[in-house]
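First chain A sits with chain B, and in the next complex the same chain sits with chain C.
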Partner chain A sequence: MFRSPGLFSRAWVRRAITAIAVIAVLAVPLGFDEYTNQNLARIGVFAVAVLGLNVVMGYTGQVSLGQIFFVGVGAYVTAYGATHGWNIGVVLVASILIPGVIGLLVALAAARLGGLAIAMLTLALPIVGVPLAKRLSDYTGGSQGLSSAFSSAPEWSGLYNDQWQLYVVLVVGGAVFLLTRNLVRGKYGRAFAIVKSNEAVAASMGISPYRYKVLAFTVASLIGGVSGFLYMAVVQFTSPETLSLGHSVTLLASMVIGGSASIVGSLLGGAYYVLAPQLANHVDPNTTELLQGALLLLVLFLLPGGLVSLPRVIARKLRRNRPTGGADRQQSSSGAPARGRKAVEEAPTMSGIPTGRPE
Partner chain B sequence: MGQFIQLVVDGLSNGSIYAVLALAIVLVNQATGLINFAQGGMAVFSAYITWLLTEHGLSLILAILLSVLASFVLGALVERLVMRRFERGDPDTAVVVTIGLLTLITGICGWLWTYNNQQFRSLFSLTTVSIFGAAVSIRSIGTFAVIAVIMLFLQALFLGTKFGLALRAVAINPKSAALSGLPVGRLLMAGWGLAAALGAVAGALVAPQLTLTPGMMDTALVYALAAVILGGQSSPVGVVVAAWLIGVVENLAAVYVHFIGYDLKVAVPFILTFVVLVVRPQGLFGRKVVARV
Partner chain C sequence: MKLKDYQRLTGAIALIAAVSTMTVAGCGRGRDGASHGGASTGITDSTITLGITTPLSGATAGPGTCTVAGIKAYFGAANAAGGVKFGDGKTRKVEIKSLDDAYDPQKAKANYDQLKGSVFAMTAGLGTPTNRAYRTAAISDKVPQVLVMTGDPIFNDTSQSPYQLSLVPAYPNEGEAFGKLLASSGTAHKVAVLSQNDDYGQGYVEGLKKGIEGASNIKIVKELTYEATDTSVDAQITELAATGADVMFNAMSITPLAIASLQKAQQLNWKPSWFLPSNTSSPAAILKPGNASAYPGVYSVSFAKAPASPAFANDPDVKKFLSDLKQYGSYNETPAFPHCMWSYMAGAILEQAFTKMTEPTRDNFMKALRGISDFKAPLMLDGTSVNTSVDKQPAVSAVVVQKYNGTGYATVENFG
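So, the complex of A and B:
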């Protein structure tokens, strides 16, 4: 956010700002009414889901239509564990690991195919997931779904349920965002960026595209599991409908509209996921899908970096008063990461080599 | 035995519908190197056009033919106005664009014609005939026959005409094709138009069975994509064979494998694909793609 050198680049200032921001965020649940808190908690839930999708799609360039499946599995595991009286820690770990293992198995097969096969295979996850959830009714409650109110505020906290749930989302979601930010800014993030920009170059540098695709997909499904846990904590109900294809497409649209390969973009994506249908419902419930499709295409045409790039685009337009040329369009939708600056610095030198992209 | 034959014929009939959609996907994939997730949505839109025309009193055959023509034009326009800009860029972005198109087209259908099911007249009668003791519906045989004719037509178009040769040239190497004077842009439009026209046929064949809704083709799209992967992305014949295989195997599995049953038969193509991919990543009939660096 703070790009200008000087005061904001000093470490202690940044730390102080971070500390103030954290305190401000932690104070939020106390200051709003129940409806706002619930909306904020939902935004947090889906921001985590979008973040997971961003790891595999935004940063690594593998289109995934299956992210909602892992959210759903995480939610089901949480609901099952909570209704069977498991320890909450065990529930959390199981709701992360089980989707992760499924994700790993899917990725091991899907990543063998180059290019777009991951997109095609992941499409199957929600399509198969819905009837599967209905079939395994001993564990999932069938079409009725499962509900579990394990996330009521404990006696000692003196909080209302909605405040407590928002705190759960803030703490768990915050931890996931922090970990993911570190992941995509470090060694792995650079490897993801090279795999995304050119697999042949990645391979020639000793970075196995296969291994990193599998890794990214597995991380995405782990994060999806966390999102599922939070979903259950906030919504307290899950059914086969939770993991339908429509939701997965909306999740993908949210990621692109928020801004791909961007941490802040994931937050915006979560906000879009929750708020856009509410807004569209005010207009006409029948137009929700129409508006979403139109908006997604508009963003791809006009603002390939997503909403998160809006301030930058405006700033650039103001700075250079000449008509924008090809340079602006170079940024593809899944283009330059807004935050992972290190990753970008590597990428241009890579794509500068005249190479053929593997189809 | 009678049941077995019936299942196989019905499977071939279902498989034929997946095959048309899969052929449309391969057609676009060959020309532009991308997977069009909106192919099913476009087919639904075409089916709605057909339905609208029959509601206005046209005969079904005429309505289908008009819808095929309209779909060709619409498909070409989609290529020119939406996809053209993303074709030379990042393939992943282009895929997201097609997913956006799918959402938009489904949304338009839902907005114009509501999300309620609409009855769609069948091209073939539902009466059954007896073949080797199995009751086989005229519809299954008819669907299969229509697809067979379309395949022969496509084969003739691609191998026997100058237009087909030009399309193949653009698919193999757009730059060289442009240098030898081919109108690459117009040929790409024609490729998309042909794919959309194929989709219109698939839509008209599948709509009577499923009744017409904006999301009608979602499952068929999944089967078609599975057929594309299974058959190898570059092989039209392989894709059709894979689609038939999927149609037959899923029908048999639904009846004979107790756990799968009718509700989980959608998982069959993916189990099949999963197994094949582990052994042959390029698909049953596909070639290995080698990238030149």
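So, the complex of A and C:
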């Protein structure tokens, strides 16, 4: 671990690294083959969905099993708008706002309930969503679903479709990630964290748990809507199957595997959602569920903090193997106490504050 | 702080490395899908590769597994016999790549994206949403998506789906076959209809109405629907029983409801002749528990010989099918789902198209596939055949009406 401390704290270095990273990311679609691009785009779609779930569940601690419903509504709104020739900007806004409004309405009721009651209520969303999507066939195309190839690359761009779609995902998804990062690192993030660890403490500090739960849930459904828009841009098809409860549970598992209450963890969660079935298919197409289950258990046993904690775990191991470095040891063993915005990012459980409930 | 910097540095290095690798690699993307000396992707002088995306896990895994086992059994046997002789004079082995989509459209599309670079055609996959999910992509990539198992008519419309063809009869085909049988009976019948309130149930009812069009002896006395999520249809059965109809047309896809309907009508002492769709007419799973022998007749439709039926126990087709399935399809029991038979037939239909292909291209294959008429694939019942040249019809559109005889089904020519 040789490094010159201070170099990376300098503003110009950070800015340069950020600039290089952005350029590198923007160059990605041009360099990879079609299948890789499509996979990266899919990862982006579900990373956004997991990010939304992380806002309500990872950061605010409210169990939601309904995230896929908002993704589905976003996808349906996008498909409907695109097939009816709406302006693409209008489609994007509608695909975010409509799930957001539904999310707000559900949250106003759900957030009054405590603990697992919210889970039960959100569980109902996909269960109601599937028959509803079949029933409203004038808008949803019934059980045969809706196709829309609105995201084909325009002529002037000179790009292939997969490159264009990946750019759409990078720009829209990137914006959502940036906004969410700012949200959870600022005062809202701190409020979410306190609501998560102890509602009574939050209330005593003048933070209304109800209001922040509603806010987190609404933000999660807005982000779900964005994910639905991207889903349509990448998959170009939606049907009642899209909303099925099983996918909501997989999203939740992806969030835990990627890393709860973590921005990078959301990305890793998206990658797990997309790549785990493909990996399992690669090993043996007849036992995909079994292999994914085994993978889930493996991650939970070895990395309870999710994949995002892997560098931390490795660093700790490395440090432990070195006899010297008392200062380092002290820092790592103290975990991540509540240190302002950093703590919100790195410590999912806010270990500094005693929790009132055994969660 | 330090750890954070370390991560940041690693990330930046990884990104820069990735970009430079790409630049060094030269970014030469060959994406022409076809043309390596004229031949399409997935076909060489000695092999042809077919791709399948189908549910191999989850609730539809049973039928899904069959869709792979059947076609593997057929081509396993053909490969063991030396391969398939193509119309261009070359003999090729047929390889199958199958992937699990768990009935998830998104995964089906991902599987297609993965397979399309290495397979000649997609085939045999089960499911309407999953096949729909990659239909438009298959059209723009010009990858054939043929003999897939869905009752959705869009796959058979050549103007909308130039690279598609579905295998199995659509829901209206089944309803129409029964309607025609009723109409030709010559005697007056009152029909009660109970259908699922979606495109499945509507398809059957539409077919029935088409079949009895203009027949003055048949009257539909009452039409009711139920939701696929309903747990009971007792109320509907009671209402229909009150009409005194002598024929019950029950377009139902839910196994427990089908059993409950048969039981409820008996409790009410209403015993009409009964029609059930092909996928909810299993003697062992539905008719026995529903005590169907109480009714004057239970009718269904089919186009494949049922290996479980005693009538076909010594049939040479069935014997070869079962041994191929065991040896090459790694499927050891007698199949409980018709999809094993259908997929085996798909193999035979593909072989027909292969023998007519004069060039190793996808376009030539589609032409050859659409030129099959009156082909009797193995396991097909008398009175049914494969006709691929009729627009807006699946490869197999003819079904025969069968009547339950206490142990299995037997084809009937007349109603009653």
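As a working rule, the second predicted complex is superposed on the first by the 299 of 359 C-alpha atoms of A that agree within 3 Å, B and C clash if a C-alpha of one lies under 4 Å from a C-alpha of the other, contacts with A are read in each partner's own complex, and residues count from 1 in each chain.
FYI, contacts are C-beta pairs under 8 Å (C-beta built on N, C-alpha and C of every residue); 3 or more make two chains touch, one makes a residue touch a chain.
Bear in mind the structure is a predicted one, so any value in this text is a computation, not a measurement.
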Figure out whether A:Asp33 sits in contact with chain B (first) or chain C (second), or with both, or with neither. second
In the superposed arrangement, does A:Ile20 touch chain B (first), chain C (second), both or neither? second
Which partner chains sit in contact with A:Ala294 here, chain B, chain C, both or neither? Use first/second/both/neither. first
According to the stated criteria, A:Lys134 is in contact with first (chain B), second (chain C), both, or neither; which is it? both
Quick check on the superposed pair: does A:His247 touch chain B, chain C, both, or neither? Answer first, second, both or neither. second
Partner chain(s) touched by A:Leu318 [first = chain B, second = chain C, both, neither]: neither
One more residue to check, A:Val274. First (chain B), second (chain C), both or neither? second
For A:Phe237, using the defined touch cut-off, is the partner it touches chain B, chain C, both, or neither? Pick first, second, both or neither. second
Which partner does A:Ala200 contact after superposing on A: first (chain B), second (chain C), both, neither? first
Check: chain A residues flagged as touching chain B and also chain C 131, 134-135, 246, 286-289
Residue numbers on chain A that touch chain C, as the complex places them: 1, 3, 5, 7-9, 17, 20-21, 23-25, 27-28, 30-35, 38-39, 42, 131, 134-135, 137, 142-145, 147, 149, 160-161, 231, 235-242, 244, 246-247, 274, 277-278, 280-281, 285-289, 311-312, 315, 331, 342
Chain B residues touching chain A - in the complex, by the definition given at the top: 33-35, 37, 82, 85-86, 89-93, 95-97, 99-108, 110-111, 114-115, 214-215, 218-219, 221-222, 225-226, 228-229, 261, 263-264, 266-267, 269-270, 273-274, 277-278, 281, 289, 291-293
Which of the residues in chain A end up touching chain B in this complex? 57, 61-63, 65, 109-110, 112-117, 119-121, 123-124, 127-128, 131-132, 134-135, 199-201, 204, 245-246, 249, 252-253, 256, 286-294, 296-297, 300-301, 304, 332-335, 355-359
Going by the contact rule set out above, which residues of chain C touch chain A in the complex? 1-12, 15-16, 18-19, 22-23, 25, 27, 29, 31, 56-58, 65, 98-100, 102-107, 109-111, 113-114, 117, 128-130, 132-137, 140, 152, 154, 197-200, 227-229
